[in-house]
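The letters A, B, C and D name the chains in turn, as written, and every chain counts its residues from 1.
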Amino acid sequence: MSDAERNFLSDNVVPMADEVLAALAQANRDSVHSYGEDPYTERCTAALSTLFETEVVCLPVATGTAANAIALAAMTPPYGAIYCHDRAHIVTDECGAPEFYSGGAKLIGVTARDGKLRPEQLREPIELARESGVHHVLPASLSLTQATEWGTVYTPDEIRALADFAHQHGLRVHVDGARLANAIAHLGCSPAEATWRAGVDALSFGVTKNGGMAAEAVVFFDPRLAQDAALRRKRSGHLWSKGRFLAAQLLACVSDGLWLRLARHANAMATRLATGLAQLPDLHLVQRVEANEIFAHMPDALIHALRSEGFEFYLWPTPPGEAAPVVRLVTSYRTTPAAVDALIAAAQRHLRAGS
Amino acid sequence: MSDAERNFLSDNVVPMADEVLAALAQANRDSVHSYGEDPYTERCTAALSTLFETEVVCLPVATGTAANAIALAAMTPPYGAIYCHDRAHIVTDECGAPEFYSGGAKLIGVTARDGKLRPEQLREPIELARESGVHHVLPASLSLTQATEWGTVYTPDEIRALADFAHQHGLRVHVDGARLANAIAHLGCSPAEATWRAGVDALSFGVTKNGGMAAEAVVFFDPRLAQDAALRRKRSGHLWSKGRFLAAQLLACVSDGLWLRLARHANAMATRLATGLAQLPDLHLVQRVEANEIFAHMPDALIHALRSEGFEFYLWPTPPGEAAPVVRLVTSYRTTPAAVDALIAAAQRHLRAGS
Amino acid sequence: MSDAERNFLSDNVVPMADEVLAALAQANRDSVHSYGEDPYTERCTAALSTLFETEVVCLPVATGTAANAIALAAMTPPYGAIYCHDRAHIVTDECGAPEFYSGGAKLIGVTARDGKLRPEQLREPIELARESGVHHVLPASLSLTQATEWGTVYTPDEIRALADFAHQHGLRVHVDGARLANAIAHLGCSPAEATWRAGVDALSFGVTKNGGMAAEAVVFFDPRLAQDAALRRKRSGHLWSKGRFLAAQLLACVSDGLWLRLARHANAMATRLATGLAQLPDLHLVQRVEANEIFAHMPDALIHALRSEGFEFYLWPTPPGEAAPVVRLVTSYRTTPAAVDALIAAAQRHLRAGS
Amino acid sequence: MSDAERNFLSDNVVPMADEVLAALAQANRDSVHSYGEDPYTERCTAALSTLFETEVVCLPVATGTAANAIALAAMTPPYGAIYCHDRAHIVTDECGAPEFYSGGAKLIGVTARDGKLRPEQLREPIELARESGVHHVLPASLSLTQATEWGTVYTPDEIRALADFAHQHGLRVHVDGARLANAIAHLGCSPAEATWRAGVDALSFGVTKNGGMAAEAVVFFDPRLAQDAALRRKRSGHLWSKGRFLAAQLLACVSDGLWLRLARHANAMATRLATGLAQLPDLHLVQRVEANEIFAHMPDALIHALRSEGFEFYLWPTPPGEAAPVVRLVTSYRTTPAAVDALIAAAQRHLRAGS
C-alpha cells in the first residue's frame, strides 16, 4: 500500500479524476475567445441550469474561498452581518476572505454541536442587531455549510426552515457546497430540492474536493444577486483569461453524473471506516457520519501508533466541553477499501496490544 | 486556414502548450500535501530562484490580475499612491483590483507616448504629494509594464533609472510581467538583469499568455515585502488546495527554456507582421514593435475588410491627439507564418482594390 | 492690522461666527438623548427640508471629507467609477477618502480649464467603460464641486445638463458643496434650483468654511440613497454621541439666512480684491471670480514681497500649459475691506517699486 | 427634579462642562492655521505628554469609535486578528468600524464574566491561529476596555500581565479608554502607571463622556505605530480644518485636573447608587461597581415602575446563564445626589408596595 493510500488528511490531497484531465486536454484545441466568452463556459452554465432544473447564473472560479467570498459579498454590504456556524470554513480557514470581499462585514458565529444551525438560534442575535440600530452591523445573510462542519448533512426540510426564517428577517441564504456532492449523494434527493427549492439564494458549488483540479462555481438562483458579481470576480482576479479550463472541469464533473459517482464512493468509504472504528473500544464518533468526513475521539496512543505506520490525518479542535483529542479522517473518490480496512486493522491491533 | 489562425485578438485566446498539458498530467499522480506544501511548489520556487540567479519568494496564482494586485498590496498601504502608465492594465483592465487589494490606494497615471515612463515624469506628482502632506495619498510604489502598454520594451538601464529614482523617493518597484518573456526574448539579456539587478522589488511573472493554462507567479526579490503576501493570497482565494497544478505549469514553462522559445516565436511573428504592414500605404505603426503586440493606425475600410475575411483583432483607444483608429494585433506561440502572410496579403489586396 | 486679517490662506482659518458659538451654548442645557435622537437634530432636518423646499434626509457630520465620502459611498459600489474634475478636492486633498469609504472605487478625473465639467467630456470615458465590460470599473456617479475648483460657479442650467447626461447613463449626481453658500449667494437663485431641481441626488452641504465650527450635512434628495448611509456614518465614527452640537451649528447657519449673509460678505470681499488686483500690471486672474476664491498669476517677486509684509496665501498647482506661478487668495465672512485694500495697496506699491 | 436629572441612560446624554464651553469660546479668536497646525493642538500634545509623563503622539478626533478604529488600524493589518472582550464596544456598538478601518480584520471575542480578560484565555485562540498558518488571520492586537464592559477596572498589574503576554506573542496592546478617567479615579494611580508603564501601546483617551462636547485623543506611546495614523485620520474625514476646537476641549479637560474631578464625582454617584440598590431585596449587582456604571439584576415590575416615574436607563443583554433582566445605570459629572437618592427611594417604595 502506497503512502498516498494512507493519506486521510483531506479530499484535496488527491489527483484530479481522469475524466477531468481528459476534459482539459479536450478543451485545449484551437483558439477561443477569452474571459469566459467561450463555448465551454456557455455549456457549463447550461449544464448547471439543467442540473438544478432552473436558469442559474454561474461564475466559475478556482477555489472555494473565492466562491464563498464572491457569493457572500453579493448579498452582504460592508456594514452587514453574516450568520454562520462558529466553526465554519469561512470563519476559521479563509484568512478573512469574507471580510475582505464584503469590505468589512462581520461573521457572527453560532454554535451547533452536530454542525446544524436551527432557526431559533438565529432569533436572539438578529433581534439584538435590530434593537441596536445603526450601532450594530445589519443582519444581511446566512451561510450554511453542506455537508456541515461536523460531517453531517442538512435535510431539505432543515434548510427550508432556516431559509424561511432568514428571508422573514431580510437575510439572503448562501450555501458553502464544497462538499455538496457528498451531501446530495447522502440525501438521494435532487440538487434542486436541497438548494433553491429549499430557499437557497446562492451556492458555492465545489468540485475541487470531488475529483476536480481547481474549480468551483458561484451559482446564483436569484439573478438579481448575480448582477454585479461578475465585476467582483474580475476585480478579485478570479476571471480567467482562458476561462474554458475552469468550465471544462465543471462540465466533466456534472456530465454523466460523475460528481455523484465520485461522491458516493467517498461516502461509502467513510461509512466503511466509521463502522469499523465505531466497533473499537475507546473510540467514539463525534457525530454520525453522513458524508465523507469522520470526526472521532481517539486515544493519544492510538493516534501516535497509526501515524507511525504512515496513516495521515488531522487533529481537530475539540468541541467545547468534550474529551480531547478529536481526529478528522477524510475519504475521497480515490480512497480504497483496502486502505480503509488497513487503517481499521491497524487500530484494532494497537488497541489490543495496548490493553 | 482555420478561424483560430486568423485570431489576432490576444495571446490568451490560444490553448496551453503541449508541454504544459503534459506537466499537468505528470503532476496528477497520487496524493500530495495540499495548499502549496507539495514537491512541485517547492521545485517551482527553486526553479525560479535559479532562473533569476537569486533566492526569490514565489507565490503562484492563476491570473495576472491577482499577481499584480497581491504584489502591489504588499508594497502600498491603503493610503498610498501607485505611479504607473495611464493606460496600464492595472488602470484600465482590472476593474479596480489594485484598489481592492490595497484597501483603496490610488493609481496615479502618467502619460508616455511610447509606453515608457521616464524618471523626470515622476518628479512633479511625487513632489506635489510630499508638499500636500496628510491631504494627499502617500507615494508608495511604481508599477512598470514589461513589455509596455504600447508593445515596446524597457532596457535594463531604463528600468534602473526609474527604480533608482523611485527608491530615492521611498517607493518600491513592481513590474507587471504578463509579457516579460517577450521582453526578455527581445532584450537578449538575463532575467536577473532586467529585474532585480535593475532595482525591481517584485514581479508578476506571467506564463498564461505564453503557453500556460492559468499561471503567474508573484516573485519577490525583497523577502521583507513577501512577509505577509501569502496571507493576502489566501485571503483573496488564490491559494489553491491542489497547488501542484499551478506550480507544474510554471515549472514546465521555465524548464529547458520553453518560455523563451515560445516568446521568441511570438516575437518573430510580430516582427514579420509589422514589417509586412509597415510597407503598406496608409498604414502606420504607432510604435516600433519590440515584443508580440502591433499597434497600427489602419483605415476604417481596411479594418472592415480584414474582419470580413475572418481576421480578428481589437480596436484600441487612440492615443490623445492622434488620427484614429488604432488596431492592436497580437501574435502568440501558436501564430503561423502562413496566417501572418495571409493577413498581410489580404491587406495588400484590399488597399489595392480600394485605391 | 492684525496678522489674522492678513491671512488669505483659506476660509477655514477663521473662528466660528458668534451666532454659531451662541448656538452651542444654547444647546448645552440639560440632558437629551444621544446619537442624534435629540430635538436639535430633528429641527435641523426640518430646517434643511424647508431650506431646500423638499423632504431631505440629513446626516450631520463634522468635516467635508466625511460628507463627501459618505455621499459618494452611498452611490458608488466598490467596483464603481466616480467622474469628477481632475483637481477636485476629493481627488487631491482627501487622502483617498472616497476610495476608502466606497471600498476601492476609482476616481476618473476630467480636465476643465474653468472648473466646469461639460456633459460631452463625460461621453468618451463612460463609453470606454461600457465597452470594456467587467474589465473596467462601472460608471456609477458624477461629483461636481460648487463653487468649482477654480472659483467659478455652475449655473442651474449647467448642472441640469450634466445631471441629465449622468442619469441617462445610469450615474447618480453628487455635489461637493463646501462652498455652496458662496455659489448660491452668487447665483441669487434658491438652493432648490441649484440642487435637486437641477438633478442633484445628494449634496455635501458645508458650513465649516462659512462661519461654522465643524459641521457639514450629507443631504440626500433621493431617500433611497440615504437608506444605509446612517450605517456608513456610524461605521466611520461620524455619528456623534452628543449629536446636538452638530445640529446646533447647522441650525444657527441656516436660521435667518445667516449662511447667505456670511457668504455674500465673503464674495463681496473677493470681488473687491479681484477688481483691485486685475487693475495691476503683470497680474492676471486665472478665471473670473464668482465666489470667494481668487486664483491669479502673480510674479514671484510680488509673492515674496506680500508675504514679507505678513500676507498669507497659497501657491497653487499651475494649470497645465500656463505661466507659473498661480496663487490662491480666499476671503471669508471675517475678511475686512481694510485688509483687502491693504493687500491691493501693498501690491501696487511693490509693483511700482519694482518697475 | 427635572427629567434630565432622572436620565441614567449614559454619560453622553449630558451637556459639556462649563469649562469646556468656555475653552471653545476662548479658542474662537482670530485666525489660526488649519488642519491641526495651530497652537491649541501643539499645546494639547504637550499637555498629554505631561499628563502621561512621556512624549506621546496625540491625534484628536471627535468620537470614540474613530479613536478606537484609527488606533486598531495602526496595529492590525487587514488579515489580522484583534482579541478583545466579546461584549466590547468595538464588537457590539461600532457597526463594524474596526473592520472598516483595518480593511477587514477579524475581532475575536473572549468571554469574561467580570469584564476582565486574563492572559491564559488568550493562549488557546492564539495558538490555534498560529497552527492554522495562512488559513487563519494573523494575531495582531489586543484591545482592552478600561473601565471594562461590566463596570469594573483593571489594575495596572492586570494590564501588565495581559500586555506582557500579548507582546510575547507579537501582539500590540490598545486600550479603549472612553471611561479611562473613571478608571484612573478609582485606581488612584498615575495615568502612566495604568497605561504605557503597564505595556499599553496606544490608547483611546476619551473626554466626551466626561464633560467634553465631542473629543477623544488617539494617544500613541510607541511613535512607530503613529507613523501613518495621521494619514488614516485624514482619510477617514477625522482631521478637522478648525482643529483648535478639538484640542481646546482636551486641553480644558486635562487642565487643573478637571477630568479627574469630574470622574470622581461620577464614580461617587455610582457608588452611592450601587450601595443604595444593593440593600434592596431582589436586586443584585452583576459586578462590583468600580467606575460610573452599575449593572444590576432588577425585577421586571420594578423596571416598569421606575420608568413610569421618569427614570431612564437601558436594559442590557444578559450575561449567558444568568437570570434576566439586567439593567445598566450610568452616572456622570452632572448626576446629583438628590437624583440618586430619589431613584433609590422610588425603588424602595415600589418593592415595598409590591411585597
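Criterion: contacts are C-beta pairs under 8 Å (C-beta built on N, C-alpha and C of every residue); 3 or more make two chains touch, one makes a residue touch a chain.
Note that the coordinates shown come from a computational prediction; the quantities given were computed from them, not determined experimentally.
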item	value
Maximum centroid distance from subunit A, chain identifier (CA atoms)	C
Pair joined by the larger number of C-beta contacts - A-D, C-D	C-D
Approximate Å spacing (C-alpha centroids) for the pair subunit C, subunit D	35
For subunit A paired with subunit C, centre-to-centre distance based on mean C-alpha positions, whole Å	51
Between subunit D and subunit A, distance of the C-alpha-averaged centres to the nearest whole Å	41
Sites on subunit C at which at least two other chains make contact	78-79, 94-96, 100, 103-104, 134-135, 137, 231, 234-235, 239
Residues of subunit A touching subunit C in the complex	35, 77-79, 103-104, 134-135, 137-138, 228, 230-235, 239
Contact set on subunit C toward subunit D in their complex	2-5, 7, 9-10, 12-16, 21, 24-25, 28-34, 61-67, 69, 94-97, 100, 208-209, 213-214, 231, 234-242, 245-246, 334
Residues of subunit D defined as touching subunit A within the complex	78-79, 92-96, 99-100, 102-107, 128, 132, 134-137, 317
